[in-house]
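In the two complexes below, chain A is the common chain; its partner is chain B in one and chain C in the other.
The block that comes next holds the complex of A and B.
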């Protein structure tokens, strides 16, 4: 009985969740007069996609976004791993205080730092560059915290064994800790990529030209508020820009779900 | 090093004329509020400006009005701001409060410059005056107009060529236009006006003007909501739904008005002239554009964005920016901008260009709004503009949703507005 209820509940949630997506697919493939009319035999069209593609240099924006999220992801892994390792397994004076300071970063909304960050980028001469979009996010407190928790759960015996074999500090980190934390890396990577794929305000403020603007900022071209919204073109461009993420998720669904279960991010 | 030194020498050797023109680069932020290839059009103008003056203007598209404001303010505070930006005309007092603007008077208007400023429609300058100075140049301007479905008018037994001019006439027409199916469900509303956040204050600004009421003082330090005329305006809005059953109960959303109109679900909508091209392209029925009715006769409100100049620019950059503003408002360009976007050309002389004359002759609805500029007022604009908008919007929505009477809503807005504006009241 409870099982039936659970299944019904799960289906209802799933349907609720997927409704906006279904609506997006429906409107994107039909002429705009069918945006709010449902008719099974409405003519199908790809014109919305063509219009959306022509309205902005999306190919360039795709490239920018891809470069941006890869840059952030790689840098975050490279920076968070040693930091987390130090907090998890090394003893040095003031460790807990420093860790506390790192965690403080989680409490601060990035939007509050808009002007401060802009000033820093202006001083570095980086305004209007992809690096400037990425820079404030490279040292991720969330990543450090997450990896530290995983590293702490690695059995001390494995570390000791590696040490007996003559493995160096970096060697142990690389050969013992990182492989064991793989699910966490995947889960964190997904969270990071989807966050930065969708990030809007900071990229809008710091970019000025087509060669740096990411997809989200490019999409805002369609928010033509003075004339009401053309749902067809909006949904077509949204599908287009979120497609790589959706496809990647569907392909690696099993791995993602498993690593989320193991990493404990829910 | 050698290279740099030789460059320096070359610079010194340049004729004096070239050196006097120190400004070579300007940047300006602009928002996009209508559909169409706006970035391409703006870039085209900037190229023409460069060809004419040698000054390179980099236009930076910055999202919608709110986002453009955020971006401009952040960049200015971060030390790399643009020299100018297109922002909402109604933000003048708030921008002044931030102390980032430079007035046109301070940049320096000569006799020709003063004559140029006088060449704009006065309604579009309504939100530019404060402290005896001019703070912005009209650029992408619009007014509220009514779009109506002529086929629906004919079907309801109304003359499609005559649009209501008074509130009473509109109420009667809207009631007739509302169509119900056998089960009593409404298949077409008579009239729809936007009451959602971000738009309620604009709709209400027009209605207050229709009742013959001005909502604020020119200095932007006082707002006047608690007046019988303002209450009357709000009651009229509410009454379209509650008394005449010609408009849906509750709050109608701006983005949904055009689709509703185009699909025949609403016979009349109150919208902006900026929507004209969209309606023209997509309407599958004959439609008309008309001025807003008023309690006694037509009245409307202006909207849209002006070009502002920022303090952080050097005197030479300010002069160059002003030159750019004048270049953009030249009749031929103002006409071109109007034809391509649907905004109203900001100067009467633009309507005397051949391009705009021909366009208007071929498409008379494009000329309707201009006729109503003499009865238009500026937008509601005060210090702490966004907070005042929020207070008004919340109360208007409460009234439309039936939780407050019009009188209570206006009294509450007044109390809130007085509290917000208290620091700005001069003793």
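The block that comes next holds the complex of A and C.
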């Protein structure tokens, strides 16, 4: 009896949780007169998506976001890997202090330091560029921490064996450590891509033109100014901008969930 | 003579460290310095004003409004999303019919950008047309301006945050639950212990490290994520939904009062630091690590 109640409860909560999304899907795929009017025979349409696509430079925003997340991902891998390797497997004076300084970023996040970082970008002449959106996130304490944890779990014998074969320091890092940390790279990559695909406040502050705005900012600008209150078009554009990540998630659900777990449990 | 390994290590660390310091530690330091100077206006350079900015903040009604809003927002959303996350994880950890679907339903909002979430919910909260008024009108309810009334605007934002976050925290609880040895449950069953007793005395204590991790993230998010405020209310009506980071954004990039924005940032950083200390220093000691 209690078991049945629990199952019903779990399902009710699940329905409650997807209802907003289903409602958004309904609105986006039907003509606007059906936006709040449920009828089983309402005609399906893609017109809302077409209208949204034509009303704002979403193609450019997609390109900007793609460039942004790729730039961040590649740079984070290239920067965090050597740093994590040094913290994990090398001995040098001040290592723990420097590592502590790095970890401070987990508490003092760039997201909060809008004013200070804006001024730095202004001095560097980078305001309104994709590089400026990315720069504060490239040296990532989270990435260094995560990779250091895996590198430390690599058996020392493997390292020694490679050393005997005459591998250089970078050679060992590249051929022994990086391949063994593959699942962590995937996990970190997924977390990083979804974080920066969705990031909003800093890009909003630092960009002010079509050629640099990522999707999130473009969507906010579109929904707040250009559109009045045509909810069908706003919802269509909202789903459109979330779609790549959402579809990727639905296809690779298991990998996503496992990646978030791997990145979270330290 | 510096050892070769030391030089190599620094060469490996330096690129990441330079960027990290340049865009985290350096702006943090300059923000503290700026909070003791006035905002430069036109040709007038900033001048040292001591703690004047802090005094001004102390007398600023909007600051206190944002401060208390943020505190209430944190106090409501953190327990709600953590408890819901635990309930969700417990639910999908059992042999539930359609388990994969239920888990997907819980987790999907997490994958959406907060901006998209805000747009969708903005529609729901719209007077007359929105989902809420639509459903209420079926039961003869009256028209509500959910986001336009100071009394309901902040709770509306809380609902959005909990909806977005609970599923994210769920997966950490789920991972912890799946790592628990099943023989604990079997032993408890043999001894005839009730399920509630087992949950309270075994499951919950074993989940403490996860709870701490989830709490740290929930606290940070409660002060870091204001995307929905930007899109849904712009802090209104009458600052009813103004949160600290949103007020920083407003000060710095709408009023262009950089000195006050810096002062606010220092306050927020101090609060985050104090909360971190509280969580790890006080709460952390009571966590039993395996």
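FYI, the second predicted complex is superposed on the first by the 218 of 266 C-alpha atoms of A that agree within 3 Å, B and C clash if a C-alpha of one lies under 4 Å from a C-alpha of the other, contacts with A are read in each partner's own complex, and residues count from 1 in each chain.
Rule of thumb we're sticking to: a residue touches a chain if its C-beta (ideal position, glycine included) is under 8 Å from a C-beta of that chain, and two chains touch if they have at least 3 such contacts.
Source: prediction; values computed, not measured.
When both complexes are overlaid on chain A, the residue A:55 reaches chain B alone and has no touch with chain C.
Counting the residues of chain A touched by each of chain B and chain C gives the higher count for C. Of the two partner chains, neither chain B nor chain C is touched by A:44.
Once chain A of one complex is fitted onto chain A of the other, the partner contacts of A:231 extend to both chain B and chain C.
In the superposed model, A:83 makes contact with chain C only, not with chain B. In the superposition on chain A, contact of A:201 is made with both chain B and chain C.
By the touch criterion stated above, A:115 is placed in contact with chain B and with chain C alike. Within the superposed three-chain model, A:220 lies in touch with chain B and with chain C [touch as defined at top]. With both structures placed on the common chain, the touch criterion links A:246 to chain C but leaves chain B unconnected. In the superposition on chain A, no contact is made by A:161 with either chain B or chain C.
The interface of chain A with chain B overlaps its interface with chain C at residues 35-36, 114-115, 118-119, 201, 204-205, 220, 223-224, 229, 231. Contacts from chain B toward chain A in the complex involve residues 27, 32-39, 58, 60-65, 67, 70-71, 74-75, 77-80, 142, 254-259, 262-263, 271-272, 274-275, 277-279, 282, 284, 342.
Put simply, chain A touches chain C in their complex at residues 6-7, 9-11, 13-15, 17-18, 20-21, 23-24, 27, 35-36, 79-80, 82-83, 85-87, 90-93, 95, 98, 101-102, 104-105, 107-120, 135-136, 138-141, 144, 169, 194, 197-198, 200-201, 204-205, 215-216, 219-220, 223-224, 229, 231, 234-235, 238-239, 241-242, 245-246, 249-250, 253, 256-257, 260-261, 264-266. By the touch rule above, chain C contacts chain A in their complex via residues 3, 5-6, 8-10, 12-13, 15-28, 30-31, 34, 84, 87-88, 91-92, 94, 96-98, 101-109, 111-116, 119-121, 123-124, 126, 129-131, 134, 163, 167-168, 171-172, 174-176, 213, 220, 223-224, 226-227, 230-231, 245, 248-249, 252-253, 258, 261-262, 265, 268-269, 272-273, 276. On the side of chain A, the complex with chain B involves touching residues 32-33, 35-37, 55, 114-115, 118-119, 121-123, 127, 201, 204-205, 208-209, 217, 220-231.
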